[in-house]
Every structure is written in structure tokens, then in C-alpha cells.
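I've put the structures underneath this note.
Each of the next two complexes has chain A plus one other chain: chain B in the first, chain C in the second.
And then the complex of A and B:
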């Protein structure tokens, strides 16, 4: 790991030093105070290596910011928080093993983290059987469904269904009725298409084709003439990460943007940074957070300033912000519950209203999905103030339970 | 006098261990979880060790390099999970079903693949393994597709009326260990049998083996199926260990890992695959904690071993010991 503040070795040394200091000072403190000084441990499995390492490392940076803030404010009853970052390598088997390690060996109090549908589901499966609280900070539709969900499952991130729906509600009335989907052929892609089509019904949208490409495809030239021939008003790119970048680049080169509006359910800050202005120029999409919200949202401004101060002027990305919010909400719940047990913390989180970075949010009771605003952005290629200024905010959809799949549909008995 | 007693002790002890290799390996694996950093890693090594042992039957002992063994591992995992989730079978029945299905897939793939030799054999097994991968990937309703299979929870985990707590990592280790022990005994028994000699003779000289009157094709198919059964059992145990089945368990990278583990530990040795799996997974685990460039660390160490210990770690140790014994015999 290049970032020394996240080095486990250093953390271990610090912890060792702290333990040494505690032992040295032992005669002067009561036994009660010593018990209270044991740290609260939060496990943080995330793919530090693999295709999403840039996003994951930003998650860690923001999570550590939240931990530092909490510790600086005195912690909980004098107990400090320790963040145990583990690399799950974007591999569900590794994620499950690491989660077992965190629970069985490190005895963490709760777990926050993950980035990818499959790894969060595997972490959730382990946490569920061991009744450990897990706050997931990555998108997935499946984790809210009754089959996977448990009382100890919380979902801080948006769902693909909600994000796609918000983008559809913004874009479909503006750009025409005929749609072609270019979809990565896996669960996440299919969930996105489902979200668009559901929202599109209200506007009488017509799906001309749902073209599936294999996950991780490098060459999209075979699909582009067909899309051109279909003459849609809107082309929706239901893919993610490198796939989105590669397809956007090739669509730009092929000149499709002149004939149709290109939209993507999720437009990531990190992907746009890596892909450059030209490839993403004019593409419209949804996101959970963009730092530019600070002009209108005071909590975003506060969060950005803290992040800038800690990391040399850099702004947090969307997934980074989730790392921050995921940690802060469990810490606030620990404070309010005056306890670190999973049940007590979960009960507080169920009732919590919080505003850490993007306006007011709360967890829906039936599936613990964080109900939150969704930001619609368009990628800029001109008039950028600095290297962080990449998106124009078109609209912010207010949080609403009605934009989520219903509790009934997810298989929950309505509480 | 004392000097001869000392020099006699080591060869005698090693000869004793070599004679009771299954017991020696099992004794080692009994204390293994106590020396590992955490039990989940010990279980991973136990399971992948068994997987590599199964693969080694074909690769190390018969000389057939398969690149499709993840198919058996994955089928074992998925079927174990599916029958628990869908049909509510008890966990040990599920292990039996998972293993049997892996054997069945092994029979089909083996039947098609043993007609070819050398690199063609590797390519055919790779292709057929990929077919299995995509079949499971696409059968989303049954396997969960990209998201993997979740929800393999065993409510009533016990056997013969004894209730066991599978959430306790040590209990889980020793329960799954019983299956590994049985499989290792079976492998040792196969290798010590006349059939074991036949497969080794296929590796040494296939033409001569056939000329001696052995049905080479049948022997190959049989060992292929046995190998897939062992790998399927390893997969079945993993489904219970992790309570999920990731789609990666069918991926060709996992087939490649079996080759790496065998080479690292020593192909064609009984305990080598375990050593390989242990070193590989332990290195990966430790390196990951210190650097995100863990792949470079593991890769360099692997290359060093291949360059300087071409017989593998365990293979080199055995070779050195045997060489010493020969020298000692000459001196006498």
C-alpha cells in the first residue's frame, strides 16, 4: 500500500505502542478505565487490488477520516475506534475468508465495506450467520431481498434499481421515446435495465433492443453499426468501470453521440478522471455523490473541506463518500445506543435520521436500505475550473421510499 | 556407539514416517489450525491441499496435465450448496451428492479428453471446463450467476445425534478434517495398489505399459474419475466452510492454481500438494497484509522455487534424503 497512513504495519506498531503506554500507565488507572480503553474494532474488507482499486483506496481514505474525527472527539466512553482494513481482492471467496478472519480472530465489533455485488453478498452471508452487523457501501439489488437480508444487514449505498430509475425519470421525458440498451451480461447490468424499463413505463418508452455484451469486453465495434441502424433517441450504457470507459470511448470515436443521447445509470467520478473529458463528453448519468453538491448542501461542504484538509486538497469520490458515511452512521449509532452490541446498534440505526454528507437520509425499516438523494450529472469537456471539476449537476432527486422496490416485492413481510 | 545410534535415528524415523505416511500427514494436520494465524486460513489450506492432492493423482502420478479441474471443484461446491438450499438435504448427504456429481462430470469430461495426448489433452480439458463454467454462470436461478450461491446455512449441524456448532471455527475444522482424512487414506491406498503402479507406468512409458497388457485407456479414465471425485469433495467442503459458492470456483484460474500448488510442493509426491497449497495460500495471506503488490511478491517467490527447486519444496526434501540414504549405504 502506497499510502502510509493505511499501512497495517504502522497501525500495528501504533496499536502496540498504545498498548505499551497503557501497560506503563496501568498503576494509575482503575481497572474499569482500562477495560473501557479497549478499542472498538471495525472491519473494513474492500478490493484494494483488482479492477476497482482506485475506488477502494478512496473508500479507505474517507473511512479513516471518519475514524480520526470520532477519536479526536473523544471516542465512545473514552474508547477509541480502530479500523481493520482487509484486501478482499474483488474475490467473493477471499472476501468470505477475510470476514471470517475479522470476526473469529480479530473479534471485530462490526463490519463496514465491500465494493461489488458478489463480494458484499458473501460478506453479508458470513455476517448474517454470525449475527455481526454489516453496513454495505456498494451497490446491489440482491442484498435487500428477503432471501439474503438479515436484521444485521444495512445498505448505505444506492441500489441499481433506484439509480437507474432516477436517471430514467430525468432523461426519458427530455430526449425521446426510442431506447437501445448496451448491457454488460451479468446481474448488475440486468438489474440496471430492469430499473430503467420500470421507470420508463410511465413515459411510454419503447425498447428497440437490449444488446448484451460479455463482461470485460474490450472491443465494441461489432455492436456499434447495429445500434446506429436501430436509430434510437437514447442509448443507455448499462455497464460499469472499464467496460463503461471502453464502450464510451468507442462510441465517441464512432460518432454515435451526434445521433443520439448517451446515458449511463452510474457515472463514477473516478472513472471520469481515468477516462478523460473527451470519452465521457456529454454523457449523462446518476451518482450517489459529487463534491460539487457543496454549493447547495452544507454538509457536503463540511465533508469536502475536511477531506481536502486531510488529503492535500483532493476531493472525495462517490465511493469514497460512502466509506465516510458508512463508518459515521455506525459510530453515531454506537454513541446513541451507549453500546457496541449488534442488536443495540441495529435498533438505533433503524430509527436514525442523519445528514453526514449529502442531505438527510434514513434507513427504511423493512430492508435497512438507506433512503437518500440521487444526483444527476453530465460530464463536462469545456469550462472546467480545475482537474476536480468534471461534472455539471443537472438535478438532485430528493430521497423517497417510492423510488425503491417495495418491501412486498423484495419478499419482506411489511412491518 | 552413541554416534551410530544418532546417525541411525534419523533414517529410522523418516523410514517410519514414510511407511505410515497417512498417519503422519494426519497428525500434522491435526495440530495445523493451532499454528496458523487464523482457523479460516487453516481450513482454506486443508481444502485446497485436498484439491491439489486430487489434481496430483492425474498430474503427478499419471503424467496428464489437466487445465479443467476447477470444473470438478466448482461442481462439488455448487451441487452441495444447491441440494442443501433447494432440497434441504442434511449436510453430509449434500457432501456425498456434490462429490458424486463432480465424479459424474469427471466421467464425461474424462471420456472425451483421454482420447488426446499432451498439450491437446490440456486444451480439451480447459475447453470443457469453460463450458461447465458458462453453464453455471448462465443458470442464474439455480446458481446465482455472477453474484454466486448464498444461503448455505446448516441449521441442524450434527451427526449420529451429536449436535455440533459449525460456527465454532475449530469444530468446523475438525469436522471437515474427518472427510479429508478419509480421502487421503483412499488416495494412499490407491497409490499403494497394483493400479497405482499401473498409472505410474503410464507416466513413465505409456507404450510399454500397453505392451505389458494393461488397458491404458481404461486406467486413464478411472484415475481421471477418481481425481475428479477427490477435487469434488474438496469443493463440497468449501461450500460448507464459506457458506457461499463464488462463481470463481469454476474459473480456469483455479485450475491453474492446482498446477501451481503441485509444482510448488512437489508433483508426484504424497504430501507435496499440501505443502504447495500451504505455502501458496500462507504467502498470499501474509503478503496481502503488507502490500497491495502481493502478486509480485508471490510471483517472484514462485519463480525462485521453480528455478532452484524444480522438484518442488517437498520433492526436493525427499530427494535429498534419499540421496543421503544412498550415500550412507555406499559408505557402509
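And then the complex of A and C:
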């Protein structure tokens, strides 16, 4: 324990301890002292191996940055933070086991992490049953729904519904009325189409076709002649990861980009880096963070500079930034609550307004969804300053609760 | 669907043929090895994947797609030669499941090696500059590179056919596939023939990997679905039959493409339905049992 802290609370505790010691003898004092020098443990399950490993590793780097920063500033009451990173292998069962282990064996104070809709739900289920606070940093629509949600569930990342909506609101009025969707045939793809179609109603958009492709398909050429023949103004790629890369690549080869505007609901920095400039050239999409925001957002500049300094000039990716924000939110709440108990921390988070990296954010009361800005970017292929310079920021949609699905719709009784 | 015109059907057919070209190439390599060595090569998809990685690597090294087109099959074929000589050969005469399990394990070793060498994310690729763009076929525009794929496959399979059918060495290969004992008694080193056939088969797999690379994401897992697809083609065409592999490859490509047009949700399923139907009607496959060169 360090002797430099002089908080009133601690003084009271010590005084109490001293009084207790007078009565009960030495063991009580040493146990109290021991509890205060214990680190605050944050469990961090994330898929270090598997398809999203690049994003997951960036999450860890940024999370570690937030922890170091907090510890360097003295920690909480002299208590340092310890980050316990676990590989959930992108497998919901593994994620549940690791989370249970973190809570029961490692005795973590709270959980931040996850990267995939499925693993975050299984982590959330464990945290819910153990009344442990969980701040999820992966995109999902389901986690906010009443059936999965608990008072201890927080969602730092965007929801696909909000991202798709923001992209639609930006792109639909600009590029024409006729739309074709090329959709990965699973829940995420369908959610995206729903998000676009709802936002599209306001602009009188017309869906020419919603073509469903099998998840994980390597070749999309067989879908493309039909899209070409349909002559849409806009082609929306409602798929993710390698599916997005492969379809974008083949759309480029078939020359479809010359005939229509191609948009994707979620355009990730890491995906663009892996896929190359050519495949993504001119594709427009939404993201939660892009380092280029630093030109207009001071907190982004501060965050990027810290990240660059810690990691040899590299810039944080969108998911990386969420790792940073996810940790900082809970740490700030611990500081303000002057407690690490889940209920106290959750109560502070519910009221918090914070700006760690992308402008002001806050958690909506009914579902603890972080209400935040959404960035609309377009992928560049020319005029890039360096290898980090991949997107042009077209617009930043201001945070607004009205862009989320309503509390009612999610099954929450409005608090 | 009212919007489907004759032109669209033709364009869809072309797309299917381009897809089928890669299937056919893969199945030819698989069939060649099975027909000669009765080795079911479960590492075929992995050789395809290694071909894609090495192809991109050589392209970066030499700056020329054409150099890479020569170097890649040589390199992958060399890996194939080593595998046959030191891993597969000790298992001959031990039943068909031994080499099957060996190559299955080998595929995982190859996948992990590529992850270690090139990373989990894979490597970005693009269509070579001289083959970029689209050609107007009169029925609609079609990517130049996919036309090139059809032509390249025809050339490679044509060359293979000439080699097996018209050269002295091809004669030995054909004889060896019918009756290896007699060929050995006639004084031919049959082990060397098998070695070379395995090398050619894997080289073709590597070449198809390189040819497919510009059209899709290159990553360590890319060979896994490809293996299943090439087995479907081989079974439809008849195990061990080269003409069967070519015809079935193109057929599978066209069936996939046409299903994608009319019922996209069932595109992936369609090729397995095709396989089931063929197996019910003609269990030996379209060209099965007719010997290596049908």
C-alpha cells in the first residue's frame, strides 16, 4: 500500500481500522491494509485467435494504454488496475468458460471486452447471472434487447441498426432511389437490410432485389450479372469481414462500381488494410471511429497521440478505440463512485457524460447503449499520405437517441 | 422473375464457365493423383492455398504475373515431390485410409505454416494490370481476367492431355495406371512415375491457386471450401477420370451460377444436390470406370 493518499474516506477507514485494532488486535488492520493494496482486476475476454484476431489484438493494445494511463495517474485510492486478457477463440462456449473463470477464480471486479455478436451474448449471460458489470465493445443489436439485457450490461460499441441507418441517411438522398442488396444470409445481414430499409422509407427508396448469398462464400461472380442487369443506383453490401472483401473485389473486377454507387453499412479500418486500396476504392460506409477525426475532434487527437507514442507511430483502429473507451468508462465510473461494486459503478455510468476519443457520449438509461457519433467514410485509392491514410471522412452524424431503436421496441419499460 | 433476359442467361453461363474453369483444374490434379496412385489427396485444397500465397509472393518479388505463373507451379510441385517422396511413399500398400489421414494432417500443417509465414489476415491481391478491366461480349460486359481464366485452363488441360496422350512418358503413366505390376516387370521405375504424377498434380493445384488469387481473398483457410468443391467435381466426373474432371468442373460451375440467378439461397446447396443425383443415377460418376483417359 502507498502512504501518499489522503482521501477522507481512506482516513475514516484507517481511523476505523485503528479503533478496531485497539479492540481486536493486529490481524484486522493488516487485512484492511491488504484489501486496499489489492489491484482492481478487469477481465478482458476477446478473440485473440480466429477471424477477428487483428481487431482483437488492437483492442488489447488500446485497453492496455487506458490501464497504464490510469495507473500512472495514481490509480484509485492507490489501487492499481490489472488487465486480465483471455482468448475466447471467437467461440461462445469458450467465451462463457473464460468469463466464468475470470469471475470465480481470478475474482475480477468487472468485465470489459468481446468481439462478435455471439460471444458477447454468452459473456453477458454469465455476467448477468453473477451480477458482474460487463461493458461490451462489440457491435450488436441483440445485447440491448430486454431478454438479454441486465442492469449490469453496458454497450460501448455502436449497434448495427444505428450504423446502417446513418449510412442510409447519408447515402440514400445523394445517389438515387433504386437499391439492390447483396446480403450474407444470416442474422447480421438481415438486421442490416432491415436498418437500411427502415431509414430508406423516408426517402422513398425502392428495393429492386435483396439477393441472399451463403455466409462465407468465396465467389460472388454468379450474383453479379443479375445486379448488372437490374441497373440499380445503389448497391448495398450487407456482409462483413472476408465476405465483404471478396464481394467488393469481384464487384470491382466486373466494373459494377462504374455503374452504381457501392455502399457497406460497416467499413472497418482493419478490413480496408487487409483488403487493399483497389477492392475498396470508392466504397462508402459507416464506422465508430477513424483516426482522421483528429482534425476536428480534440479528444481523438489526444487519444491518437498517446497510441502513436505507445505503439511506434501506429494509429488505433475502430475496434481498438473501443477497447480504450470501454476501459476508460468503467475506470472513470470507479473513480467517481469511489467503489468497485457493480451496482455503484453502474449507477455512476448511467449518469456519466464522457469524451475519451470521439466527442461526447452517454449511456441511454433504458438499455445502457452508448449514444455516440457515427462516422461516414469513403475508401481512398489515390492521394494517400501514408499507409494509415485510407479513408476520407464525409460526414460525422451527431449522437442522437432518435437514431437507435426505441426502448419500447427493445422490450424495455422506459425508466 | 420477369427481368431475366436471354442476354442475362448467356452472361450467367459465361460466369459459370469461368468458375468451372478453376473447379476443373483443381479436379484434374486431384483425379490424376487418385487415378494413378489411388491416393485420396486431402491436402489438395492446402496446395491450392499455398499456390495462392506463393503466387502473390512471387508476383511481389518479380513484379510480373507471368513469371509468377511459371515459378508458382514449380515451387508448389517441388513441395509436392518432397511430400510424396518422404511422407506418402512409405504408406503405399497399406490401404487407402493411410495416405488419406496423412494428407489430411498435412493440410493442417500447411495451413498453420502459411499463418506463421504470412499472418492470420492473409495478403491483399489484385488483378494483374494487363488483364484489368472488362470486355464487352455483346451480351454485357465481362471481366477480362475471367475470360483469361477460361483460356488459361483450356491451355493447361490441353497441354496435360498432349503430355499424357502423345508422349512416351505419358504412355508409361497410362500403362502404370492400368497395371503397375506389368509396367514394373517391363523395367520401368514405377516409383519415379508416381513421384512425378504427384508432383504434376500438386503443381496444377498450386497453379489454380495462383489463378484464383486475384479474384478472391488470399488467406490460410481459403483451401478448405475448395477441397470440398473439388471432391464434388471429382465424384460427379468419376474418380480418376480426366475428361470427367473437366466436364464435371464446368458443369458444376454452370449449375452453381444458374442457381445463383434463380434461387441464390440454394446456390451452395445446388452442387451437392447435383452430386447426389449423379450418384443415384450413375454411381461411378459421369466418366467413371473408363480408365484414366476415358
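Heads up, the rule we're going with is that the second predicted complex is superposed on the first by the 381 of 415 C-alpha atoms of A that agree within 3 Å, B and C clash if a C-alpha of one lies under 4 Å from a C-alpha of the other, contacts with A are read in each partner's own complex, and residues count from 1 in each chain.
Following the convention adopted for this analysis, a residue touches a chain if its C-beta (ideal position, glycine included) is under 8 Å from a C-beta of that chain, and two chains touch if they have at least 3 such contacts.
Just so it is clear, the structure is predicted and the values come from calculations on it, not from any experiment.
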item	value
Fit-or-clash call for chain B and chain C when the two complexes are aligned on chain A	fit
Touching partner for A:117 - first (chain B), second (chain C), both, neither	first
Which superposed partner A:217 touches (first chain B, second chain C, both, neither)	second
First (chain B), second (chain C), both or neither touched by A:96	first
Contacts of A:105 with chain B and chain C, given as first, second, both or neither	first
Partner chain(s) touched by A:318 [first = chain B, second = chain C, both, neither]	neither
Touched partner set for A:156, first chain B, second chain C, both or neither	neither
Partner chain in contact with A:53 - chain B first, chain C second, else both or neither	both
Lowest inter-chain C-alpha distance for chain C and chain B in the superposed arrangement, angstrom	7
Set intersection of chain A contacts, chain C complex versus chain B complex	49, 53
Complex interface listing, chain B residues touching chain A	37-41, 44, 140, 145-148, 150-151, 153, 167, 169, 238, 242-244, 246-249, 288-292, 294-295
Chain A residues touching chain C - in the complex, by the definition given at the top	49, 53-54, 185, 211-214, 216-219, 221-226, 228-230, 242, 245-246, 249-250, 253-255, 270, 274-276, 278-279
Residue ranges of chain C in contact with chain A within the complex	3-5, 7-8, 11-12, 15-16, 18-19, 120-122, 124-127, 133-134, 140-143, 145-146, 214-217, 219, 222, 225-226, 256-257, 259-261, 264-265, 267-268
Touch list for chain A against partner chain B, complex	1-2, 7-9, 48-49, 53, 87, 89, 91-93, 96-97, 100-101, 104-105, 117-118, 121-122, 124-126, 129-130, 140, 142, 147-148, 186-188, 215
